[in-house]
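Pasting the structures in now, so scroll down.
There are two complexes below, and they share chain A, which is joined by chain B in the first and by chain C in the second.
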Partner chain A sequence: MLARRSLLGKPGFICRSCVRQCQSQLTRAYSTSKDNIYDVVCVGGGPAGLSLLTALRANPVTSGLRVALIEAQDLSKVSSFALPITQFSNRCSSLTPASAQFLDTIGAWTHMKRERIQDYHEMQVWDGLTDARIEFDGQPSSGAGKTLAYMIENLNLTSGLLKRLEELGGVDIFDNTKVQNIDLGKETEEMDLSEWPIVELSGGQSLAARLLIGADGANSPVRAFSGIGSSGWDYGRHGVVASLQLEGDGWGGEFNKIAYQRFLPTGPIAMLPLPGNHASLVWSTTPEKAALLKSLSPKDFIAMVNAAFRLSAVDLGYLHTVPEGQEEELSWRTQHTHINAETVPQTVVGVQEGTVASFPLKLRHADTYIGERVALIGDAAHTIHPLAGQGLNQGQGDVQSLAKTIEYAVSHGQDIGSTLSLEPYSSERYAANHIILGVCDKLHKLYAVESGPLVPLRSIGLKAVNALGPLKNFFMEQASANGSKLL
Partner chain B sequence: MSAPSRPAGVLLRRLSKPNGRLLSSSTVPRASSRVFPGPVATSSAARWNSTTTSSSTSSTSTSSSSNFSSVNPDEVSHFNELAADWWDPHGSSRLLHLMNPLRHDFIRACHHTQADPPPSNGLTYLDIGCGGGIFAESAARLPSTRSVTAIDPTPSVLAIAKAHARKDPSLRNKLQYRQTSIEQLTIPTEEEAYDIVSLFEVIEHVDQPGAVLERVRPFVKPGGWLVMSTIARTWVSWFTTNFMAEDVLGIVPKGTHDWNKYLNEGELRGFLAGRGWSSPMVQGVMYVPGLGWKEVQGSERVGNYFFAVRKI
Partner chain C sequence: MEAAIPRIRAVAAAGQTQLLRSAVCATCASSSSSSSRRHFSVFNRPQPNYPGHVPLTKIERAGLAVGASVMSFFDPYRHDLIAATGEATATPYFIYRLRDAMLADPTGRRILRQRPLISSKTLSLPALRNLPANSVGRAYVGWLDREGVSPDTRSRVRYIDDEECAYVMQRYRECHDFYHALTGLPIVREGEVALKAFEFANTLLPMTGLSIFAAATMKRGERQRFASIYLPWAIRNGARGKDVINVFWEERLEDDVDELRAELGIERPPDMRDIRKREREQKKRLQELKERGF
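For the complex of A and B:
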């Protein structure tokens, strides 16, 4: 129940009652004032919030800021994350080299369990209706595989960030703690906090924030408090995730891992490589089909995943209509379908127990990322279709930009909470994120069409390249922007 | 050439207006000196409350005082009108807000030229003509700052500055406002003098810049810096600030600038030569639409520039 865990060094030889007495005096003296005034209050200890705090603490210019983190979950469970190398969490993300480089710069990369991170060098993407295919690898000309991205479990990332934060110290952490309410402060004799957000915690404390960071995910309470609207739509799709085992290390072997993505009429299905013969599944599909997938026995679930990379859309559709027996259906149908085995992922042979889960997919973009004494980062600012694996990377881009903006403000004596100081962050990130959101959205829509004029067009190679070009460009740009390999 | 200078000029105009009022309002201090003989500072700004001192008396002031006055009465009333939107980041002071970080870059550049590092126990600042406190607040927030004293003779402007500073608890022990002019401020001892004395967008609103610069010298600690910014008097600055901004575009009220008061960098150098200063530094800055304020070598001859000298 120790809600407030300070990462500061523990006091040495001070007796408990002294401390208590001292604290109560402080509280009396300053009550809602000094003791509770922070330069940065970050709500949300997900990848975005933890990265931001780490970046601020790791930089000597910003390390003098007084910072607090509020997180609903128990962070000690996150930081003690440990699984045998034969098991993987079902929430994995692909980090671009630029994101990985940034994590390295702030000193967090070395704290990740690197044996659990898988870099990949090649990606195969094709259209489920026409089989038009596009392949890309890190650097076609030079041959030697350049890293396109790193697959990492979200928990490995957040636990590494927490370890780095513990090493840096100086963050007041309120975990197991929810934001109860956010309001503006008051004007007193001493000072005028009438424009400062005051965050009330479930533990009873209230913190005044010079700058309140909303890193609190897609349903951001901070965004709601600031009256920042967001627009977008639900895709009517769920993302089904699972941790899988394949028949081998992949067609390219241990050192040339390949990611696969097939666009089905219901949405894309992706198989992303993890170390050894493990892989991570993200399958976006209708809520009904997602429900069916989750209800299947492991062997039928495995059959469905294998089918989704191999069978025609029509056959696959049929498999979704039967409540069980997919395994038998698949083995019968594959005898009658010609497949070049090496163009699809290796056969799935196992699914890790308890890892089949699903999340609703939506697109949301906040109307702005900043307000007076407020900045939004990560999913609080934008939620994206996972088809390009960009969500977490966009958040890392936000963090990098906001940390730079805050550094500039601090070194020039600006108030880091003023919109004037925050403007560079918003103008740098808003347009960039909007483009990515738009491209992924259009891709989803183009490929979610089963019949009509778009489908024959898709089959023309040119069209496929046109449509996938932007996607490809992302990866190529991200890979080339900062291509040096970590690990 | 006219292309870059035009936008710069427009900016300048706006810039110098808000800032200029800071300094030039020294009429008021003079008046107050008559009312309260002796070292003034009765209205001393250390407290956040009460600022409305003797402003009403200011109109009665005459030039009876033997002190020269850096304040031009016409300019004082003009600047009062502009006070309201000082801290509105989208108001007429926006360009000043945007320029402010470059002032710190310039001061840092000055410090970089020293063989000896600046004092490590924190720098002290005197900001003359502080206006609404854009520079004073920012200087006080820097971790390298020990204290900032910011003065301005115009009560309404200082009231804005004080009210705004109350919104940031971190300024409480580092920033002190005083309603006074440099002429009225008691000359400090050498130890009490300041590491940095700033005169931003002030000198172009003053009738006798040479006298102001003389007056300021004892406030700078030996080894400390006098830092200024102003506008060069060229046909470009006349065209962009007086003609374009006031007459054609009307974005700045007429009378905000008196182009004849603009000082060229060479003239500033001339004023200061042989009077106990060394290491003159100059940096021209230009507002480039879409990019913001940029340091542009040589632009000091055309428009806005920073100028600094180190006290021997």
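For the complex of A and C:
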């Protein structure tokens, strides 16, 4: 069955336009012809969905599968992503070396704009109330200068993946297309699709999927269709993002970039290096404060960001209550605040116009990642607080695992859509993701405490971890997903 | 004989310290002639952070705190010792907390930014005397006149290392007389202790809290009155009211003192002078009755 499907696959792809023409003449309701039967239908063309399809297409074992991609946005805009090197998109992600390695394995890394990716080698994290600090730099065991992570614009990543997919070919892409409905198929004389999900598209087509992939984000329609619940909570915080310009290339110079994160009582603020004197900001804060930040003039917004890495929590609290004049307040307060300039990021001098935006932060974890002929990956399966920069990497981990699971099923002649074949994916990823979700959640809660005995205790803990080399290495390896697996 | 021994010992001890002092002073003078006499025990004292600053080591600070507080307990008129106690016990934490309370308030921030000083030079006392009877300025100057004090008697802060916190202490000290005017408490020991209790609840400065121990040196009747009326008033109003350190007194001189009290959420305590007067009269009457033989 599978072999036949794969043979059918290629001609189906070539005749895509013809197929569409034919379809428009047919009645809409579940008029699934054989041409609309796919091995893998992926809903969602974000980093997770695109990586999965690329991984499947790049692997000779799975490249015979007939695959389709459904994406609501116009992907031609994504693949033609081109900004001048002086401008950066405000949505950036941190890719761990493990994720970067995986992207390289599937051949996508070379398609990304390398000059827009910034690796960093050091990370400084400190407590906004007590100044207790932890430094991560190249693991001493493997020599200095080891890359901790790569900062990449999400658009650069998806555009690189799309280019790789175009190079590989063989994917039916339905972009600018929304999923209207997902339901089970019907049993006809020709074939029995009663246990197959049929995806009805806004363009009128309906695709039957041997395996339906939900890579469709936090409010996943695929998850809703499959009746998989998800639990979690909203943090009542927004992540404010912006693309910034600094006064220089960073304290470590061009080749030794440093990421900074300061835990403020409202949430962590992170300054992540981009090429040259550019940097990406992620500031989790309350929705009211996020609204104020977005309403500020550029010079006051810049002052606020500088203040957030330098001034006391009391000063910051006050600066959030005035509608303007932050720049002046900052210049006064810096005279009375003792700061070692090299322990905080270089002064921000500019904010790229139109890049100040915010999004709500939440924690969600699907009850399971798999159902009959359904698998969830990326944000559809889990949504995480961005404080450890793990969101995208968890998605890449899912993709790696699911691609391996599908490869195993194909090479052993199993039905790739059955829960039995998908089980290894779920068992490999669920607990691992759950631990990361939990750790980030607890970190957020620990540092949201403003006073009381927890404040000195967490500082002692942080200093202790900083002083204990092996323990620090363990955390670092876990965060960069290089370490030995916990589960 | 027995009585003589400690005396001799004391003399010997005095002689020893004298000797020690002169010996150390010689080395002190030879190593750095510029450092003053009081610094004889530390050879490498850091530069002052602001004019008049005297950097202290932790031991010196603790010694100062204990010595000055014990001495001022026995002699409450040594306002220099009370001031020194205040400075030595303000760190760690307390003065920073008070500074943060100012930083969190728009007026408090303005005060910290402008750093106004209160003295007879910055405040025109004759002009204050011409203000309406119920104004803050008139209450203040009336209080100064009645108690016979001047705003210039406040000494400079010396022992607080952070120069901004030193100003906060200075401001607290200079505003102390305004707190008297605000609460109407007199500078007799009883009134001073009640006001210190109020200040402690409001500013949390340890010196003001330590001053409450001075209640032990008051008369029995005063102490009872303090425990039943003024201490509960002080704690209730000090803790509930707004931070009085954040009042920009210089700008509020013409305002009505009752309105300011209402704004700060502070109720006026029973007039201590009235109570004391009434009690004195009562006592006198009792005395007279006794003399008449009843």
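In this text, the second predicted complex is superposed on the first by the 427 of 487 C-alpha atoms of A that agree within 3 Å, B and C clash if a C-alpha of one lies under 4 Å from a C-alpha of the other, contacts with A are read in each partner's own complex, and residues count from 1 in each chain.
Everything below uses one rule, namely that a residue touches a chain if its C-beta (ideal position, glycine included) is under 8 Å from a C-beta of that chain, and two chains touch if they have at least 3 such contacts.
All values derive from a computational prediction rather than experimental measurement.
Annotation for the three-chain superposition on chain A: chain B and chain C fit side by side. Taking chain A as the reference, the larger set of touched residues comes from B, when chain B and chain C are compared. Once the two complexes are laid over each other on the shared chain, residue contacts for A:V314 go to chain C alone; chain B is not touched. In the superposed model, A:D415 makes contact with chain B only, not with chain C. When both complexes are overlaid on chain A, the residue A:H336 reaches chain C alone and has no touch with chain B. With both structures placed on the common chain, the touch criterion links A:D192 to chain B but leaves chain C unconnected.
Touch criterion not met for A:F359: it reaches neither chain B nor chain C. Minimum C-alpha separation, chain B to chain C, in the superposed model: 56 Å.
By the touch rule above, chain A contacts chain B in their complex via residues 33-34, 37, 64, 187, 190-196, 210, 408, 410-415, 418-420.
Per the touch definition, chain B reaches chain A in the complex via residues 89, 97-98, 100-101, 104-105, 137-143, 145, 163, 166-169, 172. The touching residues of chain A, counted against chain C in their complex, run 312, 314-315, 317-318, 321-322, 329, 332, 336. Across the complex, chain A is touched by residues 100, 103-104, 106, 109, 113, 163-164 of chain C.
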